[in-house]
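The next part holds the structures, each set out as structure tokens.
One chain, chain A, links the two complexes that follow: it is found with chain B in the first and with chain C in the second.
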Partner chain A sequence: MELHAQQLHYREVNQWLRRCSQDGIHHVTLYGIRGHRYIGTGLNNSLRIQIHGTAGNDLGAFMNGGEIVVYGNAQDGVGNTMNAGRIIVHGHASDVVAHSMRGGTIFIRDDVGYRAGIHMKAWGTNPPLVIIGGTARDFLGEYMAGGTLIVLGLHDSSAPLVGSYVGTGMHGGVIYLRGTIAPYQYGKEAGLQPLTADDWEYLQHTLAPFCEEFGFNLEEVLDHTFCKLVPLSRRPYGRLYEGAVGAINSHG
Partner chain B sequence: MKNFLPSDFLVHIGPECILCGRCVRECSFGALEQKEGHIIAHHARCVACQRCVVFCPRSAIAIVPHPSTSRHNAYWTPELRRALLRQAQTGAILLAGAGNDQPYLNIWDHLLLDASQVTNPPIDPLREPMELVTFIGRKPDRLEITADENGEWKLVTELPPQLKLDTPIIFGAMSLGAVNLRVHKILAEAARRAGTLFNCGEGGLHEELYPYGQNTIVQVASGRFGVHQRYLDAAAAIEIKIGQGAKPGIGGHLAGEKVTEEIARTRMIPAGTDALSPAPHHDIYSIEDLAQLIYALKEATNYSKPVGVKIAAVHHVAAIATGAARAGADFLTIDGFRGGTGAAPLVIRNHVGLPLEIALAAVDDRLREEGIRHQVSLIASGGIRSSADVIKAIALGADAVAICTAALIALGCTLCQACYTGRCAWGLTTQDPELIKRLDIEEGVERVQNLLRAWTLEIKEVMGALGINAIESLRGNRERLRSIGLDTHTQEVLGIRPAGM
Partner chain C sequence: MRPAQRYDHAGCATAGILHKGGQLINGEAIIEAIGTMRERGNGLGGGFVGYGIYPEMKDYYALHIMYDREDYRQPVERYLERALLLIRSERIPTRPTPGVGLAPVFWRYFGTIPPNEPRPAGESDDDYMVRVVMRINLEFDGAYVVSSGKNMGVFKGVGYPEDIGRFFRLEEYSAYLWIAHARFPTNSPAWWGGAHPFSLLQWSVVHNGELSSYGINKRYVEQFGYRCTLLTDTEVFVYLLDLFLRRQKLPWEIIPAILAPPFWEQIYRTEPAQRRALLTAVRQVYGAGLANGPFSIIIGHPRGFMGLTDRIKLRPLIAARHGDMAYLASEESAILAICPAPDEIWEPLAGMPVDERLYEEVVL
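And then the complex of A and B:
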């Protein structure tokens, strides 16, 4: 099924998608997407959506299955609070990619904006995975509580791989960076670790479908320095507060 | 380091004591010990929760303010000095539970209700019907009605989704984690029986409570805990939590120790990790961003249920409220600074925010001035203590109120303010399985249901006295309120005349 959405409101596009989903259609293609918001929001089954154009904010928010492939760029909030499924962007994505994402996979071929992977979590047997082919800006993986973030910097070698405040407040999950990171760039709640043999095996296995999707050479991608950021504690702010009992009330 | 803190309380055990040891078993703070034929009180550990007092079979225990005193000082109060000493010993942010207990002006008790005499006779609620049914949700600008061929009137306008409440009182948001599953079960069942709603708060909805979905408001907060499609589908309405009256402008940290398997499952995070709710939503930095989340939730639920926004009462609350209404909120929860909390920094709880009464009047005025009051329902919360407060809140402009602390008091809470310790002796704000057992679900439902019934009857009594037979005639009807002992400026903000005028 196909829809030419150029003259339509996002609400109409989503109504149409819901109808397709109810009718048991497995594959749809949207043309003329010009910043339409919320495409695939709450997508709950095996529907595969191909998008030609620029996907608007909150693409695949609360997504719970299925697949979205964008041939173009995506705006803010890709995979907001996503639970399951797969989002693939053949282009750039803007701010807050994978905000509070809990499960599923997001592949972004090129760069992402600020706050990617912020407060990502992990739950059950489907921990979230976000792979960014280009670079990421500040606050990558801030407050991160679970899942895996990988930033590859495959395109413009002169651009910084990541910004500052990476992993600030991190208390779960792992961030792999293809390259290095200076101490001033990451939060004091995160720690840098060298990759183990298990990490390399994991990267090989995890990056293979990403490289296949976008036509990158897996061996070339892996033939590079990588570093790994992990949380130093599962309770980064435990010592901020005084927990003594029975010391609140005044003498009256 | 030596402990310089004097005890708050003195646990006095009288000669009636038969050394049965019940008090020792009841005390969850380790303040009582049985040793060599004596009950020994560790006064410094006592939080005055009254558990031992109530359960002593001989009524032998009295908890009194510690009688030892230092030189009186109205400026350096004992409370301030005590906080300062705690910080000198720990270097940490002080926590507090429950609501703001400071002696700020309490406006409710400076408001008096009107009654009908002679010219506009009162109504007898025992004989005449009193309409308390309240609909929460966006109302259309105008209603279009046509008659069919048989002369039957039909509504042409499509109404936005509405929540029907049999009484204008709902239970406010308390997360699973702040309170335990039994508290949630009690509130959900009481809400179902009373034809009203409970709010599961920001920690997700436990699997066993999904059958109560049509009596549930689910929250979407900055931590997005437990938020997924089924959760959104199950609910009667969705509330985006921006702020909380007890701690405006800050997030929440549920300590890893409290993230038990059950809470982890409901919040959908690993057990034992801190559940951090950041201060802002990472995708909301403007009213436009708020609109984006409101419509993301409407899209996710196919416009089938109201989506509201909860904000704390702060200085520019009216501007924020009108922005949220224009952003598409179907209802607004305005949470005043007396509202409770499981844990908040003491400095925030005691010094930030506005009285609900002021905020409510300011928001109602602003929405009316802009001609959009009908587009959004107002739920007033934060320190509603009695049916009188409910009636006054509605007269100040609320559609309904939300109660939390009042419901907890009905279940045994004595406002000892030690919620954040996780040791609640009444089995409310604890995840300790032994303490939770102290809360009987069926009896709890009955208590809370009784409270709702009593307040509802009282509201009808007062409406009768006012000569009003439908609660909507009272909404924003500030003409039926007078102030006593309030300054001119406060009266102006409230839009209320002084008594005698």
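And then the complex of A and C:
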């Protein structure tokens, strides 16, 4: 099934998608997408959506299954609070990719903007995975609570791989960076750990479908320095208000 | 007209297009760009500024004035006839437009400073005009100066920008630089004078976000004679720019370092030492000009535009170039709507300006 969406409002596009989904259709293609919002929101089964154009904000928000493939770029909020399924972007994405994502997979071929993976979390047997082929800006994995973020920097070796405040407030999950990171670039709640044999095995196994999708050479991608950021504590701010609470109690 | 639940989306859109060779672009293009981001506004404010729209009157100040009612006009005009040498006065043409409700009355006046007007020593024509604008905004009931530059003008009101553009018949104007805004009012009232762009003399600003430093910024510009009268934080940006760029003659390069300076910890790491010293001095001297809070803005001026976001990028801004054209917008889709395959399209770094200018040889 195909839909030419150039003249349609995003609500009409999403109504059509929900109807396709209810009718048991497995594969649809959208043409002429130009900033249409919320495409695939709450998608709940095996529907596969191909998008040609620039996907609008909150692509695949609350997505709970199925697959979205964008042949073009995506705007802000890809996979916002996504729960399951897969989003693949053959291009770049703007800010807050994978905001509060709790499950499923996001592949972005090129760069992402600020706050990718902010407050990602994990639950059950489907922890979220985000792989970014290009670079990421400040606040990557801020307040991260679970899941895996991988930033590869495959396109421009002169561009900074990540910005600053990486993993600030991080208290779960793991961030792999293909390259190095200076101490001032990550938050004091995160720490560097050497990669173990298990990590390398995990990366090989996890990056294989990403490389296959975008035509990268897996061996070349892996033949590089990686670093790994993990939280130093499960509850970095647990003591933040202790003094205040104590003061209230003593007046109580 | 629209049910309340349709007012529940994200806030504000900005867009700008510049022909760096100075060629004039019809107003339809900017309406198309801003209209793509309809979801970002909520119909409670839309507006445009065009530079190059009055070529036959380019040597005269063009005052766009909004009157709440027709009977507020006469006192202002009596004052203007004394304060300025008026060349032309006319009602700004509008058309009844679905989606635009009860509208104020808009007039424009082209004029210059009377040669024998007694003035404080050393006062420039622009200083004089600022006094005229501040006086009208402060002292005349129901009258607001919407713009006051030369060869440019602001058209704005309550409605979606596409509708406001039709209301003001923008297809009848051409400009080498257009900037537009769709408003989603958050913590200040939605009224015609509160729509963006805000403008004084040649400067104009559209803004997505809010200024938590508004109180400090406002008190600061008031020390220099500016008065914030339009009930919206964005207004103060314009007075800061007029103060820094025109009166204090600061170079454009300093503006981002004042409005969106790096954090101290970033300044301490800055190399070379000369740059570090400059950033330190700017923060020390111009702390009251720091624009705190989430924002992305487009600043318009006769030679081009500057896009800037707050230093931690809490509001979106996308930039693009294609041939002689430069574009800025809150969303990529708005640029692609009028330029489907740009040579370059990128997301500017937080607090780093996108400074696009007319080519140096372009004479206006």
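The criterion applied here is as follows: the second predicted complex is superposed on the first by the 242 of 252 C-alpha atoms of A that agree within 3 Å, B and C clash if a C-alpha of one lies under 4 Å from a C-alpha of the other, contacts with A are read in each partner's own complex, and residues count from 1 in each chain.
Quick note on the criterion: a contact is a pair of C-beta atoms (placed from the backbone, for glycine too) under 8 Å apart; a residue touches a chain by one contact, two chains touch by 3 or more.
Quick caveat: nothing in here was measured; it's all calculated off a predicted structure.
**Student:** Considering only the touch criterion stated at the top, classify A:Gln50 as touching first (chain B), second (chain C), both, or neither.
**Tutor:** Touch status of A:Gln50: no partner.
**Student:** Which partner, once the models are overlaid, touches more of chain A's residues, chain C or chain B?
**Tutor:** B
**Student:** Regarding the shared-chain residue A:Arg137, is it in contact with chain B (first), chain C (second), both, or neither?
**Tutor:** A:Arg137: touches chain C, not chain B.
**Student:** Should A:His99 be classified as contacting the first partner (chain B), the second (chain C), both, or neither?
**Tutor:** The answer is first: A:His99 touches chain B but not chain C.
**Student:** Given the touch rule stated above, what does A:Thr81 touch, chain B (first), chain C (second), both, or neither?
**Tutor:** The first partner, chain B, only.
**Student:** Check the residue A:Thr29 against both partner chains and state whether it touches chain B (first), chain C (second), both, or neither.
**Tutor:** After superposing on A, A:Thr29 lies clear of both chain B and chain C.
**Student:** Return first, second, both or neither, reflecting whether A:Arg18 touches chain B, chain C, both chains, or no partner chain.
**Tutor:** Touch partner of A:Arg18: chain B, not chain C.
**Student:** Which holds for A:Thr206: it touches chain B only (first), chain C only (second), both, or neither?
**Tutor:** neither
**Student:** Look at A:Thr41 in the shared chain and tell me whether it touches chain B only, chain C only, both, or neither; answer first, second, both or neither.
**Tutor:** In the superposition, A:Thr41 contacts chain B only.
**Student:** Kindly classify A:Asn126 by the partners it touches after superposition: chain B alone (first), chain C alone (second), both, or neither?
**Tutor:** neither
**Student:** Could you tell me which stretches of chain A are touched by chain B in one complex and by chain C in the other?
**Tutor:** On chain A, the residues that contact chain B in one structure and chain C in the other are 10, 37, 57, 76, 115.
**Student:** What residues of chain B sit close enough to touch chain A in their complex?
**Tutor:** Listed in rising order, the residues of chain B that touch chain A are 5-6, 8-9, 29, 31, 44-48, 65-66, 69, 77-79, 82, 86-87, 90, 92-97, 223-224, 227-229, 232, 253, 255-256, 268-270, 272-274, 276, 278, 282-283, 292, 295-296, 299-302, 343, 345-346, 416-418, 420-421, 423.
**Student:** Along chain A, where are the residues that touch chain B in the complex?
**Tutor:** 10-11, 14, 18, 37-38, 41-42, 44, 57-58, 61-62, 64, 76-77, 80-81, 83, 96, 99-100, 102, 115, 118-119, 121-124, 142-143, 145-146, 169, 171-172, 234-252
**Student:** If we count contacts the way the header does, which residues on chain C are in touch with chain A in the complex?
**Tutor:** Touch residues, chain C against chain A: 10, 36-37, 39, 265-266, 269, 312-313, 316, 318, 331-334, 336-337, 347, 349-350.
**Student:** Quick one: which bits of chain A touch chain C in the complex? Just the residue numbers, please.
**Tutor:** 10, 34-35, 37, 54, 56-57, 73, 75-76, 92, 94-95, 111, 113-115, 137-139, 164, 184
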